[in-house]
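What follows is a group of structures, each given as structure tokens.
There are two complexes below, and they share chain A, which is joined by chain B in the first and by chain C in the second.
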Partner chain A sequence: MSNTVSTSPRTAVTRGESLQTEKRKAALAWLTVPALFFFLVFAVVPLAGVFILSFANWDGIGSIGVAGMDNWLAVLADPGLYNALGLTFLIMIASWLVQTPISLLLGVFTAGSQRYRAALAVLYFLPLLLSSAAVAIAFKALLDPNFGLATGLGLPFLAQDWLGVPHLALGLVIFVIAWQFVPFHTLIYQGGVRQIPKSLYEAAEIDGAGTIKQFFHITLPQLKYTIITSSTLMVVGSLTYFDLIFVLTGGGPGNSTRILALDMYLRGFRANLMGPASVIAVILVVIGLALALLLQRLGGKDKHGSQLEGL
Partner chain B sequence: MSTVLNTNTEEARAGSPTSSAARTRGFGSRLRRLNIPAGMGGWLWLAIIIIPVYYVVITSLKTQEGYFGQNPLALPTSPTLENYQLVIEANFARYFMNSAIVTIGAVAPAVLISFMASFAIVRGSGRFLKLVNGMFLMGLAIPLQATIIPIYLMIIRLNLYDSLLALILPSIAFAIPLTVLILSNFIRDVPNELFESMRLDGCSEWQIMWRLALPLTRPAIVTVAIYNGLHVWNGFLLPLVLTQSPDLRVLPLALWTFQGEYSVNIPAVLASVMLSTLPILVLYVVGRRQLLSGLTAGFSK
Partner chain C sequence: MKQPQTSRRSFLALAALTPFAVAATSACGTSGPGTASGGGGASMWYLSGEPNQTTMQKAVDTFNSANPDNKIAVTYFQNDAYKTKIKTAIGAGQAPTIIYGWGGGTLKTYAEANQVEDLTSWFEENKDLKEKFFPSSFGAATVDGKIYALPNQYVAPIVLFYNKELFEKAGAQPPKTWDDVMSLVKTFNDMGVAPFSLGGQSRWTSMMWLEYLLDRIGGHEVFNAIFEGKPDAWLDPAVIETGTKIQELVSAEGFIKGFSSIAADSNADQALLFTGKAAMMLHGSWTYGAMKKGGQNFVQSGKLGFVHFPTVAGGKGDPKNGVGNPAQYMSISSKATDQEKESAKKFFKDGILTETVIDTYIASGSVPIVNGIEDKLDTSEDKDFLNFVYDLAKNAPNFQQSWDQALSPTAAEALLNNIDQLFLKSITPQQFAENMNATLGK
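Now for the complex of A and B:
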């Protein structure tokens, strides 16, 4: 190779080299094979499988038969589906409405330079370390009417049958989800706030803009993409609150907290109706993809360019 | 509050044109102005976070009598470790090992193969690599739980049902999309001259990958390893569906069954919660910064 470099004209070298580079670059494709293999086998194939199984009869143990459109017709005619759909969206929207303002404000708060804020932040993030099962179990104990928080704080109104009354259980689920996930989104907002150029605030100070004005005219617009990222994760993630709700309420009382993911699990692995459960799974996939695309559309593409505009 | 606001603005206005030191002070005062209501909100949220945590910690140290007799939020009068002993005797060491095996067994290969794929996606070119990258990106939007039924079917057909490998294999697959996204963004930031100079030294891409890209990518690798590790460690659905024997329980599943079996002994149940969280808590104390950046896996960028 060094010979070619010294003897041939420059253009020939680059052409020869670029051809060689092309080859090298194409050969790199082999490096993706292991990852591709795992992803195809355990993600793409199951994804296709869930569509196929939604047209099949299977009890989870025996042989698999053809069901045609039966599962779809049965599930679509089942009021249970609409209950689960409604609950999923209700919890999704309520979670977004509760978590976004709290995480945003806490993100701004913990991004501040004061020492005590940093100390508080260390404690704020503790829920991130716990598994959903642990969180659910802790709250079940905490809400015991006799030996929990109600007695501890001397607040009788906390001594409710939280897991026995439908609307209370739903409220509880939304609260516990917030308790578990606000720290994560706080962390995201904290990172977002720290990236806002300080010069923007300095300019606003010179112009005499107050704190509230600065928040609405600088912080909030500058966090646009952080809000979209956080909201996407929150909304798509809300489809997967399965483990927390499963351990906390099991979907009850009645079906009052039976969200789609739980409905899928209970139909498939408790009622042994894998076909109808796969129909629910397909619906989950479609909703997940649609929401992700929608939020991406809202976000636009030119992330970095627009974040720095106004500088 | 508005008076506080105004005086501070005056200060900032007076200070800012004079020197840059005064300007930074002006910025500090902007933050200080939010103090009172923000501080109150901050402390309120602290109470919401810390009371359940505090309750779990103290209750896990109480005797049964203490649990039934004392104020629930009072410190235990005679703190005891007997609940922890009970939990450890209930085979918790085994569950702990299972969780460790599954977590390491899934995260190490997932990060390794994702790193190789990321290197190829960044350094290589061609249609095939674009397609692969696009597919991984699509994978970010698939909810894992929605594919659990076919995964269950496949695991049965592969004769892997009720084994730790059954938990490891799908976990690897589902870690790949985000890991590739983060690692390839990171490798893309490595200056091209570094790659070029190694190439001119006669190194193959294989050598460049291990000797240059890998060391340079180390911070991102730690980040994704932590993120994936926590997800696998805390994962619940895969073990619930794909294992059955008590000996193969991982910690979250063990917590759940323990809670069912010992529902009358709340201090012991909460001790199990504490024990299952302990290793992550230690990690948090030792490497908080890295753990937190791992947790958001670069979402905050």
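Now for the complex of A and C:
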């Protein structure tokens, strides 16, 4: 908005008017103060606190002592960290691969105007209304190997020990995460698809392009930034998956679902090792920032440019 | 252009108001858990779950109506969630006046951080109270010769429960030795019944197996050395043998299918025993009361059997040794006001383990830690079980406190994590011993 105002030829007419815009700009700067205040109090200060704690000895109860580099060396030498890192990236990539195509297709479908679309859309969005803890408890009960759904309905092929075998538990975690978050990303894609001008499709139809061609040559390119937004949320969000996995598996069996965020919690609040837990928190922040920046770069430098030029 | 301006103004108003709203809610937050409602009362956190929740609520209600100036306000939490919450609350200076716990290593970290009151002199002043309890119950309440907690509730040894109906069907006898255990595993697997129920996701449930096995194989001295942090205490050959025996049992399908995804918090492990899906279960004696209440007449109709943990051929441990919780404990937060501390002490003296509470515990199938209850136990409808538990606790030459409570929280978390992997066979007994050895002194 401000960009178009300052470059438009109407503003640079007289001195008085430009002074007024200067004043308005100053007033606008003041408006960021509350946001900056909250950012400082709830993001910067805790971040600095965690960074300092990563060099300290603290059990969460007693007094805080100086540890120097001990925590960092101990955590970086711990194979548990690399296991957690590997699992975090595995869940991140698998979640992206599973969720993106499903939510993209569902988004395109719910943005259309087919019969029963509204009713089906409501069904798709239901998981979005449930809290992660509730979802985890429900799935845990359904998948119980002795009293669960499979036993109740007599479906032996479903009666696996879903949460008790390491690779099954990991796969299940990815599935439940997808079940919970696909609706959210569907919503994003639905909004994105509705922004695409109808005239593009009309032109394509005149040129003889079918539904599939339209999808690959109009919908998908037009959704470029929506895909980047959704992917950023998925990738950065997967770094903080905690509540669902904590309730569902607690990191187990063994360490097979102990992702970085959970590892941090267990070290800090179960084992009373706040220093090493802070080290992991710092690592999480660095990875999260790096990934967010990388994804922004993927969007290209001209990302503020219009995709609708010539329309 | 009018539209954005009004929204800007309302945004400003919102921005101006928000800090006050935040301040108001955070003010509520700080006064929430730390202080009790009204006057000079004390706050207390306790575990949810029956039958103990009702027993405690009744005790508190009785105390509160007799002592309107020293009211106790109780909040209930689930077991596993409570253990984390109380630590965080104490660290943040938000602890309730009365801190409930299991003594041992966790209590030691509180005492060392000066977060709990030293009750030694108070017990000196109240000798009657001190002599009321089993002497063995004070061990886990004592740190460096000072008493930091009031023992209360009941003694809870780990007991081997079994389903009598299934044993009759199989024509089998409850196990006396480890060899019996292994042959019963085969018997019940052939019958299509799981030999042992286990809520393995909770991890401390699997730990109970190691506690008894290590004691039977190597004697109580092995864990004592670990507890005292002696060098290489975990590398004792008895630890390796314990791990090997456990993995043999897992390999022989001794535990119910899917045990590592069953959590004890939902009582699914008990349900497996009383619904006849599993023949045996090693569990705390507190599950007797829970099974009596939730087990569809399983206990009342005499189908629940119980024996002491079997012996191991060539083992050094006394077969009478017990493991479990010698008692539960309550400490007073040193951050509480003097008035709150007074109320808490009054509650300790007059409100906990009153005659009514003792009777309620006995009626729910537990043995309270007070002396001279033999007559009461004998007249109870659960006298077989109560006398069994009472004798087990009384006659045990060594009663080992549960490991995860005895050790420091740091070592305990590592222990539970390694036990989980041992039961999954993702580490060898040797690796288990080495991993744990690295936690000595932490």
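The rule we apply is simple: the second predicted complex is superposed on the first by the 254 of 311 C-alpha atoms of A that agree within 3 Å, B and C clash if a C-alpha of one lies under 4 Å from a C-alpha of the other, contacts with A are read in each partner's own complex, and residues count from 1 in each chain.
Assume contacts are C-beta pairs under 8 Å (C-beta built on N, C-alpha and C of every residue); 3 or more make two chains touch, one makes a residue touch a chain.
A quick note: this is a predicted structure, and the numbers were derived from the prediction, not measured.
Peer 1: Look at A:Pro145 in the shared chain and tell me whether it touches chain B only, chain C only, both, or neither; answer first, second, both or neither.
Peer 2: second
Peer 1: Given the touch rule stated above, what does A:Gly288 touch, chain B (first), chain C (second), both, or neither?
Peer 2: Touch status of A:Gly288: first partner only.
Peer 1: Taking the superposition as given, does A:Leu120 touch the first partner, chain B, the second, chain C, both, or neither?
Peer 2: first
Peer 1: Taking the superposition on A as described, I'd like to know which of chain B and chain C A:Gly60 touches: first, second, both or neither.
Peer 2: So A:Gly60 meets both chain B and chain C here.
Peer 1: Quick one: is A:Leu298 in contact with chain B, with chain C, with both, or with neither? Answer first, second, both or neither.
Peer 2: A:Leu298: touches no partner chain.
Peer 1: Spot which of chain B and chain C makes contact with more residues of chain A, would you?
Peer 2: Touching more residues of chain A than the other partner does is B.
Peer 1: Taking the superposition on A as described, I'd like to know which of chain B and chain C A:Pro34 touches: first, second, both or neither.
Peer 2: Once the two structures are laid over each other on A, A:Pro34 reaches both partners.
Peer 1: Now for A:Pro166: first (chain B), second (chain C), both, or neither, which partner does it touch?
Peer 2: second
Peer 1: Output check: A:Leu73 vs chain B and chain C. Expected answer is one of first, second, both, neither. What do you get?
Peer 2: Neither partner.
Peer 1: Go through the superposed model and pick first if A:Phe269 touches only chain B, second if only chain C, both, or neither.
Peer 2: both
Peer 1: Return the residues of chain A at which the contacts from chain B and from chain C coincide.
Peer 2: In chain A, residues 31, 34, 60, 140-141, 144, 147, 269 are touched by chain B and also by chain C.
Peer 1: So in the complex, the part of chain A that touches chain B is made up of which residues?
Peer 2: That would be residues 22, 24-32, 34-36, 38-39, 41-50, 52-53, 58, 60, 102, 105-106, 108-109, 112-114, 117, 120, 122-134, 137-142, 144, 147-149, 151-153, 179, 183-184, 187-192, 198, 201-202, 205-206, 208, 210-211, 214, 226, 229-230, 233, 236, 239-240, 242-243, 246-247, 261, 264-265, 268-269, 274, 277-278, 281-282, 284-285, 288-289, 292-293 of chain A.
Peer 1: Please name which positions on chain A make contact with chain C in the complex.
Peer 2: 31, 34, 37, 59-63, 140-141, 143-147, 161-164, 166, 169, 249-250, 252-255, 266, 269-273
Peer 1: So in the complex, which bits of chain B are touching chain A?
Peer 2: 2, 5-6, 9, 12-13, 16-17, 23, 26-28, 30-34, 38, 41-43, 45-46, 48-53, 55-56, 59, 67-68, 71-74, 110, 113-114, 116-117, 119-121, 123-126, 128-129, 132, 135-136, 139-154, 169-170, 172-174, 176-177, 180, 205, 209, 230, 233-237, 241, 251-253, 255-256, 259, 266, 269-270, 273, 276-277, 280-281, 284, 288, 292, 295-296, 299-301
Peer 1: For chain C, which residues are in contact with chain A within the complex?
Peer 2: So the residues of chain C in touch with chain A come to 8, 11-12, 15-16, 18-19, 84, 87-88, 90-91, 109-110, 112-113, 115, 200-201, 203, 256-263, 266, 268, 271-272, 277, 408-410, 412-414, 417, 420-421, 424, 426.
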